[in-house]
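Shared chain: subunit A. Partners: subunit B in the first complex, subunit C in the second.
== the complex of A and B ==
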C-alpha cells in the first residue's frame, strides 16, 4: 500500500492531485462568487429565527445582483452588521426610498420584533451595501456538517486526516 | 484497485450524486405545476393615524398609520408536494418625496402591515405554536400531506400586526397609499418564489393584488392623546 512512497514520481503525482482537488474547489467557490456578485454565495443557516422556513443546517444559495428590480420588501436577505462577524438571514419588511441609500428594515419570520436591536449602535436601518445576497435557492440539511465541524473542532482534524490519507493511498 | 476504501468512496460518491439528482428533479416539478393565485377582495376597512412612541422609553413622538383591512384570496394552487410554507404578507405602499409624488411612484415606500406563515401539513410540526394551537392545526389536515384549502384566505376587518411610520416620523395626510398582497413560496428543496408581475410559463401572475388608492387622514387626537394626558 505504501509502495508509492518509494517512488518519487508517483508521490509527486499524488501531491499534484491533492493540490488540484483543493484548487478546483477554491476556483468553483470564487467563480460562483463572481457570478452571483456575492462574497459568500452559499451560506448555512445558524439560527432558528426564520423557522419554519429555514432550520439550522439548511443551505441557502444567494444572489446579489439587481438585474430587473431593486432588492425590496419580502426578500429574504443575508446581511452583515458592523463589528459583528456572523451574517444574519432575515426578511426585509420595510423599505423607505429608492436607490442604494434606501432604508431597509429586516425581521425574522419567527421573531416577534424587528431587527433594530441587532443593528449596530445608533443604526436604525440597513442600506443595500450591508446586504451580501438575497436567498434564491434552498437545500435542506446539507450544511449541518459545517455546524458540526465548527462546534466540534476535533472532527475537522479527523476529516482532514482521512481525506489526506485517502489521497495518499489512492493509486491510479 | 478494488480495496474496501475505494469501494466505500465510490458508494458515497454515488449516494451523493443520486441524492442531488433526486433533489433537482423534485425542485423542477415546481415549474410544471400550474399556479393561478387570485385575490377577490383587498380593501381597507378603517384608516387612522395616531401619535405614539417607537418604544416605551423613547421620548420621540411619531405618527403611526393603523390600517384595518379585509382580504379574500385563493392561493390554493401554491400548495404542492414540494411546498414547505407559504408566507403571505400585505404591504402598504406610498410615495413620500415630492418627485415620487409627482411621478406617481407608489413603490417608493413599502412596509409590511400584516403577515402570516401558512405551513403545509408536512411542515406543521415545525410551526412555532402553543400546544393547543398546534393540536388544532395538525387535526385540520389529519391524513393529508398536501392541503390546498389552507390557501383560501378569508380575513375580515383585520387589525394590522405592524403599525407603520416613515423615517421622517410623518405619515398623516398621505395620498395615494395602496395595499398590496404578496406571497413567498418556500419549497422543501429548490428555488424560492414570489408573486409575479407577469405570467411565467405555467405560473399566472397574482390577480387583483392591489387595493384601491386611499389617503391617510390627519392625526386622530382625542383618544390617544387623552390617554397619555399630554396633548400638544
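== the complex of A and C ==
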C-alpha cells in the first residue's frame, strides 16, 4: 500500500499524479475563461429571482464576447456589483446609448422592482464591463452540489480527503 | 524460501502487476545491473513543470484578478496543454509500460516493459529488449515476449514468492541468467512434472462445479492450480 515511500521516484510520481489532477481541472477552468472571455464562465443560480426561467441550483454557461452584436435589452446577463464579488443573474430591461459606456438597467424576472436598489452606493446603472457574461445555456439541478458545499463547508473537507486518499491508495 | 510479509488481494490485477513490477528493479539491481532512470526523469520533469506553471497561474490569478492577467493566463493555458500533451505522448508512445531500463554487468542494455492486456486473465506480459554492448560489433538487437500466469509467484494468500519469480526471469532472459547462474539452473529436486489427470478425474471436477478461482478452489482443489499451470505450459510448447 505505502510501499512507494521507500522509492523517491515512485513517491514523486504519485505526488505528481495527484497534483496534475488538480492543476488540470484548474487549467481547464482557466482555458474556458479565456475562450469565453469571462472570469467565471460557469455560475450557479443562488436565488429564485429569475424564476420561472432559472431555478436555484441551475448551472449557467456564460459567454462574454460581443462578436456579432452588442449586449442588449432582453438578454439574461450575470454581473458583479462594484466592490462586491457576488455574481447576480438578471435580465437587461433598459439600455441607453451604445458602445462600452451604454447605461444598462437590469431586473430579475421574478422581482417586483428593478435592480437600482441592489447596485452599490452611487451606482445608478451598469456598464458593459460590469457584466461577466450573457447566459447561453443552462443545466438544471447540477449546481445544487455547490450550494450544498457552500452551505455545509465541512463537506468540502470530506470530499477533498476522500479524493486524496483514493489517489494515494490506488495505483492503477 | 523467501516470501513477502505484505499480502495483496489476489483478485486485483493491478496489485499483482504492481508488486511484480516493483520486484524486477529490486532483483536486477541486486545483480549489479545499473538502472537508468531516463524515462521516469523525463516524465517527472514534464509533469512537475506543468504543475508548477499551473500553480504560478493560480497565484497571479488570485493576486491580480482575471482581467489584468488575461494574456499571461492564455499563454499559460496553451503551454500547459502542450506540456500535458507531451506527457501523455511520452507515457503512451515512449515509455509504453517500461518498468526497467539498465545495463547488465556484462555490458548489454536491457529494457523491460510489462502489461496485463486482458483484464480477466491474470497473465503477466513482459516485453524484453536486449541491446549488445557498443564494442561488440555484429551483435543484434534482440527482443522477445514472455507470458506467464501470476499464479507462478503468488501464493493463494497473496504473498509474493521470490524464488520462482527470479527463476522465471533468470531462465528466460539470458543476460539475467548470466548474472545469476544459481537461479538460471532449474532447482534440483523440484521437478516440473505436473500431476497426471485422467479425463475421468477432470470430468468429475467439472461436475462438482469447482471454480478455479475463489476460495472454493483453495480448499477443494489444491491440484487445480498445478493443472492450470501445466495447461499454460502446454499451450506455450
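FYI, the second predicted complex is superposed on the first by the 163 of 172 C-alpha atoms of A that agree within 3 Å, B and C clash if a C-alpha of one lies under 4 Å from a C-alpha of the other, contacts with A are read in each partner's own complex, and residues count from 1 in each chain.
Methods note: a contact is a pair of C-beta atoms (placed from the backbone, for glycine too) under 8 Å apart; a residue touches a chain by one contact, two chains touch by 3 or more.
Predicted model, so just to flag it, every value in this text is computed and none were measured.
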#### Entry: subunit B versus subunit C as contact partner of A:16, first or second or both or neither
second
#### Entry: Dominant toucher of subunit A (residue count), subunit B or subunit C
B
### Task
Mind working out whether A:93 is in touch with subunit B, subunit C, both or neither, as first, second, both or neither?
first
### Query
Does the superposition put A:26 against subunit B (first), subunit C (second), both, or neither?
second
### Message
According to the stated criteria, A:120 is in contact with first (subunit B), second (subunit C), both, or neither; which is it?
### Response
neither
#### Entry: Overlap of the subunit B and subunit C footprints on subunit A, listed as residue numbers
170-171
### Query
Can you name the residues of subunit B that touch subunit A in the complex?
1, 5-6, 9, 23, 84-85, 87, 89, 91, 96-97, 100, 105, 107-112, 115, 117, 119, 123, 126-128, 162, 164, 166-167, 182, 184, 186-192, 194
### Query
In the complex formed with subunit B, which residues of subunit A make contact?
51-53, 55, 72-76, 91, 93-98, 103, 109-110, 124-125, 135-140, 166, 169-171
### Task
Could you pull out which subunit C residues touch subunit A in their complex?
6, 14, 18, 22, 37, 40-41, 43-44, 47-48, 50-51, 54-55, 57-58, 61, 65-67, 70, 73-74, 76-77, 80-81, 84
### Task
Going by the contact rule at the top, pick out the subunit A residues touching subunit C in the complex.
3, 7, 9, 12-13, 16-17, 19-20, 22-24, 26-27, 30-31, 33-34, 37, 39, 170-172
